[in-house]
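Have a look at these structures, which come just after this line.
Note that chain A is present in both complexes that follow, paired respectively with chain B and with chain C.
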Partner chain A sequence: MSLDQLVSQALSGNQRALSRVATIIESESAQALAVRQLLRGKGGRARIIGITGPPGAGKSSILASIAARISLSGKSVAIIAVDPTSPISGGAILGDRIRTSEVSLRPNVFVRSLASRSRIDGLAPAALAIIRLFDAAGFDYVFLETVGAGQNQFEIANYVHTLVLVEAPGAGDSVQMLKAGIMELADIYAVNKADMPGAHLVSRELRAMLTLGDNVSGDWQPPIVLCSSETGEGFDALIQAIDDHGAHLRKSGSIQERSVRMARTETVNAVQKLVERFLDRDQGLIAAVADGTHTPEQAAGKLLSRVSQMPRSET
Partner chain B sequence: MTERPLRILIAKPGLDGHDRGAKVMARAFRDAGFEVIYTGLFQTPEMIATAALQEDVDAIGLSILSGAHMSLFPRIMNELSGCGLADVLVVAGGTIPEQDIEEVRAMGIAKVFGPGTSMSTAIAFVREHAGKQADHVA
Partner chain C sequence: MSLDQLVSQALSGNQRALSRVATIIESESAQALAVRQLLRGKGGRARIIGITGPPGAGKSSILASIAARISLSGKSVAIIAVDPTSPISGGAILGDRIRTSEVSLRPNVFVRSLASRSRIDGLAPAALAIIRLFDAAGFDYVFLETVGAGQNQFEIANYVHTLVLVEAPGAGDSVQMLKAGIMELADIYAVNKADMPGAHLVSRELRAMLTLGDNVSGDWQPPIVLCSSETGEGFDALIQAIDDHGAHLRKSGSIQERSVRMARTETVNAVQKLVERFLDRDQGLIAAVADGTHTPEQAAGKLLSRVSQMPRSET
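Our next item is the complex of A and B:
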């Protein structure tokens, strides 16, 4: 089968083909670039939502619950779940299906696990490209779940239209909520394990933090949703909040800004990959920096002039 | 073709709460550089096939200690071929009696690793046989 045929099967709902194409994209091979060409300009219709938060807060469980509800309403859902790669072996345990294996049986739900590989920001190198794949394949909602992530792992905000931050009881005091980073960037706060003591306190601390100063996201008031996989409470409200934010983005025109931000991120990632590929080939340049012949900036200038002279076929 | 990590699904089919073996194997494959999809306990044949399909795995390791392998394995293999995954390497481990092994092999399970198998034997076998030809799309 040709790559064209495989991609068109993937886009017409064949799960086997979709899964194969995701693997090709993740391989970052020459074929991956060809797939990106074939997908170019397709999609642009999906709601793209990021879910982040500390390990064990319940990101996968929340996704399983809301994917079930969304799919019952007749909409399709793709979930991309990232788990960490071992810095020692390069292997990974991808365990997000433990929560999502039941919902993944629905014909309109597709779950794909990715290892973080070279990245330390809670994401995976191919995450945005695979979001584009699922968007092109016509999924109504595409969720990207990060590795269990911390305060300054906020690159996810550049990957999605809507960012949901999941917290759980014991998330820390009000100063934790005040800290810069991911706390500033969420469009929606989900306080999970609402059946457990302390959840309402986290929710109150969040609310207090949000009212301390000007609203950074313009006229959108980030809602705080209490939810619990134990009791099922809050998931309808969370889906409502996600949809409300989607409507807000369209109405205010900020969807455009976010799309541009995503495109910029993709482009920067591509530049970085390209430059690193050239740099790896040019050990002499690195040696020249090591022995003091060049400053790093001089080496960078030389490298970029070499990149600009490369044959077009190498992009 | 860029070298990519092999992906293996470690699955616990049926009503069998003994997951230490599966976790030991998941850990061993992780330490050998595999990306291991671990789905937890109580997986139905359908869940196992769906995970293999959506995750595009190179191999599947079934861990079973309940004694129900002769009824579960055929259903799993059947679901897998229904998903177009008949070419994916499937291996099994756990408490599978000697006299069942021939029949289990005949179902399409490439290898049965009984108690006492070393990690390196299992990993070497999977590494050798999980080469995926389908990577090379024309």
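Our next item is the complex of A and C:
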């Protein structure tokens, strides 16, 4: 089967083809570029939602519950789960998203795990490209789930239309997240484990922080939704909040800003990839900076002109 | 006074001139580039050490204590403290480094605070350039202190020869740091508040993690040093560990690798600055990615060739 045919099958909703195309995109090979080219201009209809929060807050179980509810209502859901990989174990140290697999057996729900093996310091570079794939394949909702630890907690805001921050009593340290600046980036706050005693306190703390701050979303008032996997409370309200935020983005025109932000992130990522590949093969400029022959700015100028003169096939 | 004269005064150790040159570098203006040019090839002798760890672990007080001891031994110390700035308060939310100011009154100790105002998601871009300034000015030790929260906890490893991770009982969440991958990056572990009951447990947990993992430093066995500002315990041992690591880097030749890593970081930062400036002025390519006219990779190729064709004065 040709790549064209495979991509066509994926876009028509064939789950095996989708899986194979996602694997090609993740490989970042020349074939991946060809796939990107085939997907270009397709899609643009999906709601793209990020879910982040500290380890143990229950992001995966919330996602499993709302994906099941959305699929029951007849809409389709794709989930991209980014696994941070520890250099210590050489493998994923988080097993909690295995629970998501129950929901992956539902019709209209597709779950894809992405390793971030190549660099500990960021989201898998392919995440945005795979979001585009699911968007082009006609999924109504595309969720990107990341652990809110490390650098990717900031990046995720540049990858999505709507960012949901999941908190829970006893999970992680909200003060650290506040200091790290992640708090202000979310459009919706979900407080999980609402059946536990501390949940209302977490909710009040969040409310106090939001009152203090200028939220980046302008005239959108980020809602705080209490949820519980024990009681089923809050999931419909969370889906409603996600849909409300989508309506707000369309009505206010901010959807355009967010699309541009995503396109900018993709483009800057692609530039960075070209630059890193060049530097991996040509050590001369870096050596010249290290020994003081060039300032970093001089080296940057030379580097850009050399990279841009490389034949496309080499990049 | 000309810029040349000001830089000469700074390099001869005049603290006011050093301050003014650091401010120029931080401004990232055309003058900053001229300063970088004047500093090019100077220095290369300083020990450059990063200090990171969760908020509340006592990084600043450890740094104040060891800087005082180093200066008493006749060596000079420069400290660069990076303050994350919260969008909520519009100002620094961490006041703990004020304590460092006692030590700044000592001879041979120079303290410089750096805001990371321009982007919440990283180290102040000028940090490496200011490290170069202090190196060129002949300081024996240059310390870069950052809060171990958010993205800069990863970046700091690319900015220094030796990375010290400060932990303390009850401060932050080691499991989160482990998951985030920061643990494996440190060359030395300092467990602060050794007078408190939990300190030995923290130390044992660290030891267990280190035994599990492959430390990035190859044949260097990262020591774990217990310290206490109450009793004065451990500070001499910590200075010794820092010096031992310096000797190890020279003996093993790894110092060269780390210098190259720093030069690479500076160069990639400079490229990123050129690209970001171009994108701020020319929205066309990003719009073309957003509307599907270009793939991000096509836009990246065009962007590089346009940036590299811009007259130097515009960049």
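Just so it is clear, the second predicted complex is superposed on the first by the 279 of 315 C-alpha atoms of A that agree within 3 Å, B and C clash if a C-alpha of one lies under 4 Å from a C-alpha of the other, contacts with A are read in each partner's own complex, and residues count from 1 in each chain.
Here is the rule we go by: a contact is a pair of C-beta atoms (placed from the backbone, for glycine too) under 8 Å apart; a residue touches a chain by one contact, two chains touch by 3 or more.
All figures in this text were calculated on a predicted structure; none of them were measured in a lab.
Colleague: Check the residue A:F110 against both partner chains and state whether it touches chain B (first), chain C (second), both, or neither.
Modeller: first
Colleague: Chain B or chain C: which reaches more residues on chain A?
Modeller: Touching more residues of chain A than the other partner does is C.
Colleague: First (chain B), second (chain C), both or neither: which does A:S308 touch?
Modeller: Second partner only, chain C.
Colleague: Touching A:I286 in the superposition: chain B (first), chain C (second), both, neither?
Modeller: second
Colleague: State whether A:T231 touches chain B only (first), chain C only (second), both chains, or neither.
Modeller: neither
Colleague: Looking at the overlay, does A:S27 come into contact with chain B only (first), chain C only (second), both, or neither?
Modeller: Only chain B; A:S27 stays clear of chain C.
Colleague: According to the stated criteria, A:P54 is in contact with first (chain B), second (chain C), both, or neither; which is it?
Modeller: The second partner, chain C, only.
Colleague: Which partner does A:T211 reach: the first (chain B), the second (chain C), both, or neither?
Modeller: neither
Colleague: Show which residues of chain A both chain B and chain C reach, each in its own complex.
Modeller: Shared contact residues on chain A: 86, 88-89, 93-94.
Colleague: Which residues of chain B touch chain A in their complex?
Modeller: Residues of chain B touching chain A: 1-2, 4-5, 7, 26-27, 29-40, 43, 46-47, 50-51, 53-56, 83-85, 134-135, 137-138.
Colleague: Can you check the complex and tell me which residues of chain A touch chain B?
Modeller: On the chain A side, the touching residues are 1-3, 6, 15-16, 19-20, 22-24, 26-29, 31, 85-86, 88-95, 97-98, 101-102, 104-105, 110-113, 115.
Colleague: Chain A touches which residues of chain C in the complex?
Modeller: 33, 36-37, 40-42, 44, 54-55, 84, 86-89, 93-94, 120-121, 147, 149-151, 153-155, 172-173, 175-176, 178-184, 209, 212-214, 216, 259-260, 262-264, 266-276, 279, 283, 285-287, 289-297, 299-301, 303-305, 307-309, 312, 315
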